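Here come two complexes built around chain A, the first alongside chain B, the second alongside chain C.
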Partner chain A sequence: MKIGIPRALYFYVYYPMWYGFFSSLGHEIRLSIPTNKEIINLGVSHSVDDICISVKVFHGHVKYLLNKKDLDFVFVPRIASEEKYKYTCPKLAALPDLMKSAFVNDADRILTATFYTRQGDKLIIDAFEEIGRKLGDTEERVKKAAKVGIKYQDLATKALRSGHTFLEVVKYIKNLEELIKKPVEKKRYTVALAGFPYDVYDTFTNGDVISKLEDSGVGIVTTDMLDPKVYRHYSKYMIKDLFWYQANAAAKGGMYYIDSSDIDGIISISSFNCGISSIYQKLLDLYSKEIGKPVMHIIVDEQTGDAGLATRIEAFIDLIRVKRGDGLVSQENNLHGTEDGVHVRSV
Partner chain B sequence: MSKRVALGIDIGSVTTKVVFIDENDEIVEGLYIRTKGNPIDTIKAGMIEAYNVISSKYGDIEVIAVGTTGSGRQLAGVVVGADIIKNEISAHAYAAIHEVPDVSTIFEIGGQDSKIIFIRNGAVTDFAMNTVCAAGTGSFLDHQAERIGIGIEQFGEYALRATNPVRIAGRCTVFAESDMIHKQQMGATPEDIIAGLAESLVRNYLNNLARGKELLPKFVFQGGVSENIGIVKAFENAVGAEVIVPKNNKLMGAWGVAMLAKREIEITGQRTNFKGFKVTELEHKTRVFYCDGCANNCEVYEVIENGETIAYWGDRCGKWSNRLTSKVRRTERADRREEISEK
Partner chain C sequence: MSRKKITYTVPRMGYTYAAFESFFKILGYDVIIPEPTNTETIKEGVSNSPEYMCFPFKILLGQFERVLEKNPDRYFKVVSLESYGPCRFGYYSPLYYKILRDKGFTNFEIVNIEGIYPPLYKGIPRFFKKLIKLTGWHAPWTIVKAFVIAGWKVYALEQLEKKLYYLIPREKVTGSTEKIFNAAVERIRNAPNKVKSIKKILNEELEKMEKNPHVERDDLPKIGLVGEAYILMDYSNNLDIEKKLAYMGVDVDRSLRVTNWSLDRIIKVKSHKAHMLEVNKGYLDFFIGGDGQESIMNTILYKKAGYDGVIQAQPFGCLPETAAKEILTKVSEDYDIPVLSLAFDEQTGEAGFVTRLEAFVDMIKSRRQMKKEEKKESVTVEG
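Take a look at the complex of A and B:
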């Protein structure tokens, strides 16, 4: 069968698992195109008004796939929990229901199952069995495929831990072992991006912060590269944990990077209207004030003009340059203003 | 011998600032002009005007470095041939630190945006910029002064004469305006309303940008709005300390970037990219088109000099902007340098 996977939200966390599962069952996977203006417009016009831009974008991806009539299903899993006693944001937990109500006529083409991850393989296999029944695959094959999915996810995690971004994981999905071996280029400056993977990696919605930094000679690391073990102890600073795994990862991962001597600064990326982000941003503010490392928040919304964003990123890079004692001038590579995406021809 | 100067251009949303500085980083000539729709013409007019003034004073001048900043920095950078294109936060901070070395907090309010910059030990440690809302910036004050029927120049004295400033909602321009009308109908004097407006602007600014961050003296206040003595007073009341308005308060961005351009040239030891005053005679056109390469439909901007495209920007994928870079880059720059030195 042909299954569409929306390139949004938890795609940026669990795509390897889904890829491994569906492809080993012999189903054809079709990804929606990376977010663009068309997808955002589709999403905004099909969603309710008061949700965050990330969920609106998800609507757009689902609609894009539903419009492809040759796809049998569009996969919208319900990620209910990513850690024991931690649950996802209500909008994410209700995602399949949101999609079914937004696209009533195509409701039966939405393929879903409820996932509880990082709580043992059993719960994941259960969820995959639910999908397998709908697709008409035998139980034995589904179990095997679920294990392949879990293996892919483990490899992807390994790649992240070795310093590769999830965008690279998507690119190397057929060859994750090669990616794990690939060395990560070290740059003079390193900025950590704290935030939910779907905000950090959706390069269209966030004005392509990653490329803007990399083009200016700044390496990046993200909070999903960290093993939760390394930042567990920051719960003490927060008094208690937040209720969402991803919020904890952004907050504690951010604090871990604030404390890391090889990180020059932290940029948090969140989507407008996200309540949980406001909490971890404040936590990062408070912690950075104690440690004295620069933190900047970028809040993305539907507008696509990015002049203000470019100015802020440039100024942030200047700030870390000065902090390192490199001064404001003689940015050889930036002489032609590549920071802003401007290229000048000498005449 | 001709006088050696560095040129700094700050193209803001409402005004354009052009300065020439000498070897000692002092401003020899500075101009503050309204941008009025066409930034390129404004820059050229400013350059000619400043050139005439300086050359009548000093005779021949030689421009050794050029820097641009402000929201139109890219455009200005390609048109005049800049050595450094710098964001306005760094440029403003650089000039403020030069002027008041132990500054800790910089307030900067311009025509359409406002920023706060935190400095510790002579380096920027944090900054914030207003994002989408232009409440409490120069344009808003302009508009309100006009509505009350006084010149913006008198705004300050009116505010100082107030005895009982009324409270005005400063959160949003639209609400502030309806609030002001209401207070007027109730019988408040223009003086009290203007002082109230100044206070609400400052309150709004500190709430939106400073967000509870530590405000330490010394304070420097710059940008066009710092001309307004009423707002300066309101800032002093709010922070409970002296607020310094530096001598070149309106030209700080241009001054900062002129100094940075000069350092750049000193460090790299290269010749300036400046195209010379002949650029004022060249014909520059800009063109906007929607790229139809993909669904993003990026607005692509093209700058054309004497019929030849010299820059593209606005495309997300680099389809247009890379066309020029691949040819340019460093080799061509280096070639050009050799050409110049051979001559």
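Take a look at the complex of A and C:
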């Protein structure tokens, strides 16, 4: 069977698991194309106006896949909880219901299951069994495939922990072991990106912040590269843990990066009208005020212009350089020939 | 043991603030109730809270800040109601604390009431610890008495409110019922702390309102209100939507009241959830926190009860309500009931708001007319 996976939201967290599962069952996986203007337009026209841009983009990807008539199913999982007693954002918890009411005519082609991750393998296998029943595979094969999926996810986590971004994981999905062994180049400056994986890695929606930074000679780390164990102690500062695993990772991971001496600055990326990020951004603001490390918030929406963003990132890099005592970008070091040494890509 | 002089401040919830006030007064504390939402409190709240935070958070922050600012020589306990769930409602108090401290206020502490949440072995002791922090050390019977009196006052105020919105579209002299109602609220607020006297006052006032000259009629268009609890329950947040609709000649009903809201969430949790899942089957079968599921359920129930339209009131960017809004479009189509979604934020202007309400009411009236004519036609054809 042919299964479409939308390249949005939890794709950027659990793709290895789904890849391992579906491919070992022998199903063909079709990813939607990376976000572009067409997808965003599709999404905006099929969703309510005051929902966040990430969910709008997801609508676009699902519609793009539903338009391909040869696909048997489009996979829209419900990630209900990512840690014990933690939830996901209400909009994401209601995601399959939203999709079914947005695309009423194609409601039967939406394949869904409720996932509870990071709480033991049994709950994940249960969710996969639910999918297997709908696809008509035998229980034994499904169980085996689920275990393969979990193995892939573990390898991907290892790759992330060793400093590779999730975009590389997607590229190297067939041989993740090779990626883990691949060394990460250390650069003079390092900027941490705090935010939900789907905001950080969706390169079109956020104006390609990662490439902009890397092209100007700045290394990046993201909050999903951190093991939750290292930032557990920040819950004392936060008084009460946030209820969402990803928000906790962004807030506490951001604080961890604010405290660590080899990180020069933090950029938090979130989407317009994302309610949860407004909380962790305020927490990062208050914490950086105490420690004294630059924090910049980038909030993206469907109308983000590239030039304005490039200017802000240039200014941020200048700020980091001045803080390190290197001064502004000099003309000899300017590899890209632009005025400020930041490579501007044409969109 | 000498008690530190503590003043309480609680969120306003429509007219029911009188009940919360009496709760703490019986326990022997001073209470200062924040002023109703106005441009000043909104301005104060908006300028200090995160940009995309829920509107109720901004309102409450503004109200608390004004109270703290005006009384620098008192020590406050700021009461904040919370839940532990997927929506942002559960993270209010840490942010209040951090933002108010950052602003330089030191004369306060925040006490939050929240339900028992898992793991139970941690949740139950935490709940009682918080309860004691909320009320201080008192004899249990004092607390029970205060609770009962407060509960009765909430009930009385809600009965009066219901009567008011029932009578407004039927009264002969416009505005006469409201005058009686305002006096009644004041009387309930200052009622002696005895269940008997509250009951007596309630009956007297209801009778007085009933005697106000009015015309009984049952052909009024009916509109139900669903949406986020705090926006719905406090008249100053939703620009008095109920009263406005009532004066437009509509029978209006609000789905969430303090009594049924707290009953559903504290005592009847299980049966409430089961009922909700049953009604929402096929639309939203999953717990998403806030009042999103209730909005969908109540819309369907309103349709079944023969209402002509539903208005969903939500703060701008509310997580569960936005999800509900998208699903409500499908519910509205399937059940053939018009739903108007109104998002409230600091920019809401009164004039544009009234125009939208009027347009909606006009639409509902003409729909009723059309349906009546259809019925007549079918009757004549049959006859």
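Everything that follows uses one rule, which is that the second predicted complex is superposed on the first by the 329 of 347 C-alpha atoms of A that agree within 3 Å, B and C clash if a C-alpha of one lies under 4 Å from a C-alpha of the other, contacts with A are read in each partner's own complex, and residues count from 1 in each chain.
One rule holds for everything that comes next: a contact is a pair of C-beta atoms (placed from the backbone, for glycine too) under 8 Å apart; a residue touches a chain by one contact, two chains touch by 3 or more.
Model, not experiment: these values are computed from the prediction.
Within the superposed three-chain model, A:Lys37 lies in touch with chain B and out of touch with chain C [touch as defined at top].
Once chain A of one complex is fitted onto chain A of the other, the partner contacts of A:Ala80 are limited to chain C, with no touch recorded for chain B.
By the touch criterion defined above, A:Leu328 reaches chain B but does not reach chain C.
When both complexes are overlaid on chain A, the residue A:Asp50 reaches chain C alone and has no touch with chain B. Once the two complexes are laid over each other on the shared chain, residue contacts for A:Asp97 go to chain C alone; chain B is not touched. In the superposition on chain A, A:Glu314 contacts chain B only, with no contact to chain C. Looking at the shared chain after the overlay, A:Ser278 reaches chain C, while chain B stays out of its contact range.
Judged by the touch definition given at the top, the superposed model places A:Lys240 against chain C, while chain B stays out of reach. Of the two partner chains, chain C is the only one touched by A:Cys89; chain B is not. In the superposition on chain A, none of the residues of chain A is touched both by chain B in one structure and by chain C in the other.
On the chain C side of its complex with chain A, the touching residues are 49-54, 84-88, 90-91, 93-95, 97-99, 102, 117-119, 283-290, 292, 316-320, 322-323, 325-327, 329-330, 343.
Within the complex formed with chain C, the chain A residues making contact are 47-48, 50-51, 78, 80, 85, 87-91, 93-94, 97-98, 101-102, 104, 114, 238-240, 242-244, 272-279, 281-283, 286, 289. By the touch criterion stated above, chain A contacts chain B in their complex at residues 33, 36-39, 204, 208, 292, 294, 299, 303, 307-308, 310-312, 314-315, 318-319, 322-323, 327-330, 332, 335-338, 340-347. Listing the residues of chain B that touch chain A in their complex gives 71, 73-74, 77-78, 81, 83-90, 94, 123-127, 129, 131-132, 260, 263-264, 267-268, 273, 275, 294-297, 305, 308, 310-316, 318, 321-322, 324-325, 327-329, 332-333, 336.
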